[in-house]
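Structures incoming, each one as structure tokens.
Heads up, the next two complexes both have chain A, just with different partners, chain B and then chain C.
The block that comes next holds the complex of A and B.
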């Protein structure tokens, strides 16, 4: 009987510590997982728009602003090239400006296999941090018809923080999702 | 001489007796007629009282609110009979009180019906506005041409008090507590739809200002 009581007590302690660690229900956790993934999809779309030569310059500049807002201040974007081991990291705004100005007649960028490689976990500072990996397919065609293609695997750190703000005199709680550095993990043809 | 006087006196006396007798007979007949008339009047009065009582009780036993005007007309008719019967007078007071109470009850019902109709129309208008916004947001995501997309945005924006009207997107809700995405503005949200080519939300709530323009928009994310 004593042993059973101890086991029940230990199970209770374990449950309490697990709950304290997660702090939110599975449904809410699922909602923030989904929200963070949506920001990644937003970035995918923004990169495609900025890179496309069919996008008017004014629209591209506007989208650069929106895309930059997705990131934490001082975040960097890793860039690589086929045939070179060197990876260059640019501040995200500079990366977007360079992307817009790429010397191709046509640019197509698409992402695939987007998934969490490290689930969102709550950090001691209260933020949730996770890593999402994406594969970026880049295809650029010059005026002369020459094509450059590569596929880059990139890891994007995602930060989610619970915040509050005042809207029309009432306080609302929201999840602030911000992207961190985007690192190149692998580049291939 | 004395005999003649006596004879004349006798004649006069006879005539006087005859006249007195005739007069007595006439007075008796009138009395009878008066009595008969009084009896008839009393019977009529009793009949009127019965009739008035019946009409007033009819008003009092009417449990609907459908005949207030007809009952009021009946009451006026009874009052015009000027009956002083205490029973009738008592019923008149009760009928007046009942009709007044019926009028108040009917006014309350009509007001409640008016408010319900007002609410129904407001709900309908809200649903219509929700549908209009949902359709326009969806239309924006389906447009590939920048100029046309911007025209759609320019058509939507005048519905809002300003381009900085806050847009809140509910991402989850638990026990009445809502979790939102980071608040944005209507201008940014419309451009977001234009860029993303996807509208995965529904209008949840709209707050209007005094001039009928939208001053806050709440959406709910759908998966």
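The block that comes next holds the complex of A and C.
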């Protein structure tokens, strides 16, 4: 899927062989946003699969690998709970492992049909960075039938990098997107 | 309050900040989420009228972009209406100033004159203590980055100028004739050593903070709270904070607004930085 999206991007949007890319035009920003949102949708899908109690453990482990590949190395999830001022940071892989091991009999994870995509800002290393905000609804039911529900706001760092590859002797530029640190905050919604 | 409720009604009708979208039972929740100012980035966009009612980015030439009539109605929505108090005259003047048709004021991410205050938890020599980090956006040859500009840390503060008089603490003007042998007395009681520094000496807490961290005496334990201080609008200061609560008045909102002249600005900066107290 990742390969297909990059190829579509290469063929459909940016057949550009230059790297002189100081500003991102509104049109290009929209295209990068949609590539970033594709990663976010993948992440949402993986989280729902990892959290679901119907997913066999071996399958969940495989999906954790896929989900982790969406992120830059060393990315963390900073989790804060209502009623507590403390935020706990977990490496993304550990966060997914904890999600898989949650002690509920049934878990449903769904996503609100809303997101906010920030501007992209250039970093001193030449890459670009933005933040996408999404909202998740979690519902867990214990064996005894007790229900727990929460809504969390997830602010997800998105790194965007201009890269190049050789195709049939031609240098083709493309935009690569990777996810970074995520702030996970429980909301009062 | 009545005016605020009226504004909400107007904005609900015009759809500003709230996209009515029927998705089963989530309608109300989603409206609330649309209304929330979800990022600082969105605060800038809403302040400047650079996003449409669905949260999409507006660019120059788009209808509604930098629309000052729209801003007059929407700006009251990015004030905290539940826990903060605003002087009505100052608020009115502020909104009139920034939406002035001839000379409007828009916030600029790279415009300077704004900075972050991050309250963090630390362990200092094994004991819990909060520190205030001040960060500013620094422009680089390529891109930009947030940098630490100052630190306020009460345990450091308690070490300096504890005795307000200190007038008898000096090295007399003939000390040089004795190879400054009286320095021995200065450093024997090191609790008062700062009084022997030059006029207006202020300790650099940031350097001490970095030093203590490098010496493993100080450990970062997490972020408690983040605020942003804005001085981009002439004659005004405002602060924004994040609110996490039910209802439409939520997210990153103005929590403080003051009308200030240049002297008051310097005093205010000193207060924010806990300097000169």
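The working rule: the second predicted complex is superposed on the first by the 137 of 189 C-alpha atoms of A that agree within 3 Å, B and C clash if a C-alpha of one lies under 4 Å from a C-alpha of the other, contacts with A are read in each partner's own complex, and residues count from 1 in each chain.
Criterion: contacts are C-beta pairs under 8 Å (C-beta built on N, C-alpha and C of every residue); 3 or more make two chains touch, one makes a residue touch a chain.
Keep in mind that this is a model prediction, so the values were computed, not measured.
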Practice problem: Look at A:176 in the shared chain and tell me whether it touches chain B only, chain C only, both, or neither; answer first, second, both or neither. | Solution: first
Quiz item: When the two structures are overlaid on chain A, which partner does A:151 contact: first (chain B), second (chain C), both, or neither?
Solution: second
Exercise. Go through the superposed model and pick first if A:131 touches only chain B, second if only chain C, both, or neither.
Key: second
Quiz prompt | Contacts of A:56 with chain B and chain C, given as first, second, both or neither | solution = first
Practice problem: Please indicate which partner A:142 is in contact with in the superposed arrangement: first for chain B, second for chain C, both, or neither. | Solution: neither
Exercise. Mind working out whether A:114 is in touch with chain B, chain C, both or neither, as first, second, both or neither?
Key: second
Quiz item: Following superposition on chain A, which residues of chain A contact chain B and also contact chain C?
Solution: none
Exercise. Could you please specify the touching residues of chain A with respect to chain C in the complex?
Key: 26, 29, 82, 85-89, 112-114, 116, 118-119, 121-126, 131, 133, 135, 151, 153, 155, 185, 187-189
Exercise. Name, in rising order, each residue of chain A that touches chain B in their complex.
Key: 25, 27-28, 30-32, 34-35, 41-42, 45-46, 49, 55-56, 59, 62-63, 66, 163, 165, 167-168, 172-177
Quiz item: Hey, which residues of chain C end up touching chain A in the complex?
Solution: 21, 23, 26, 29-30, 32-34, 38-39, 41-42, 55, 57, 59, 109, 121, 140-145, 222-225, 244-246
Exercise. Could you please specify the touching residues of chain B with respect to chain A in the complex?
Key: 146, 166, 168, 171-172, 174, 177-183, 188, 191-192, 195-197, 207, 215-216, 223
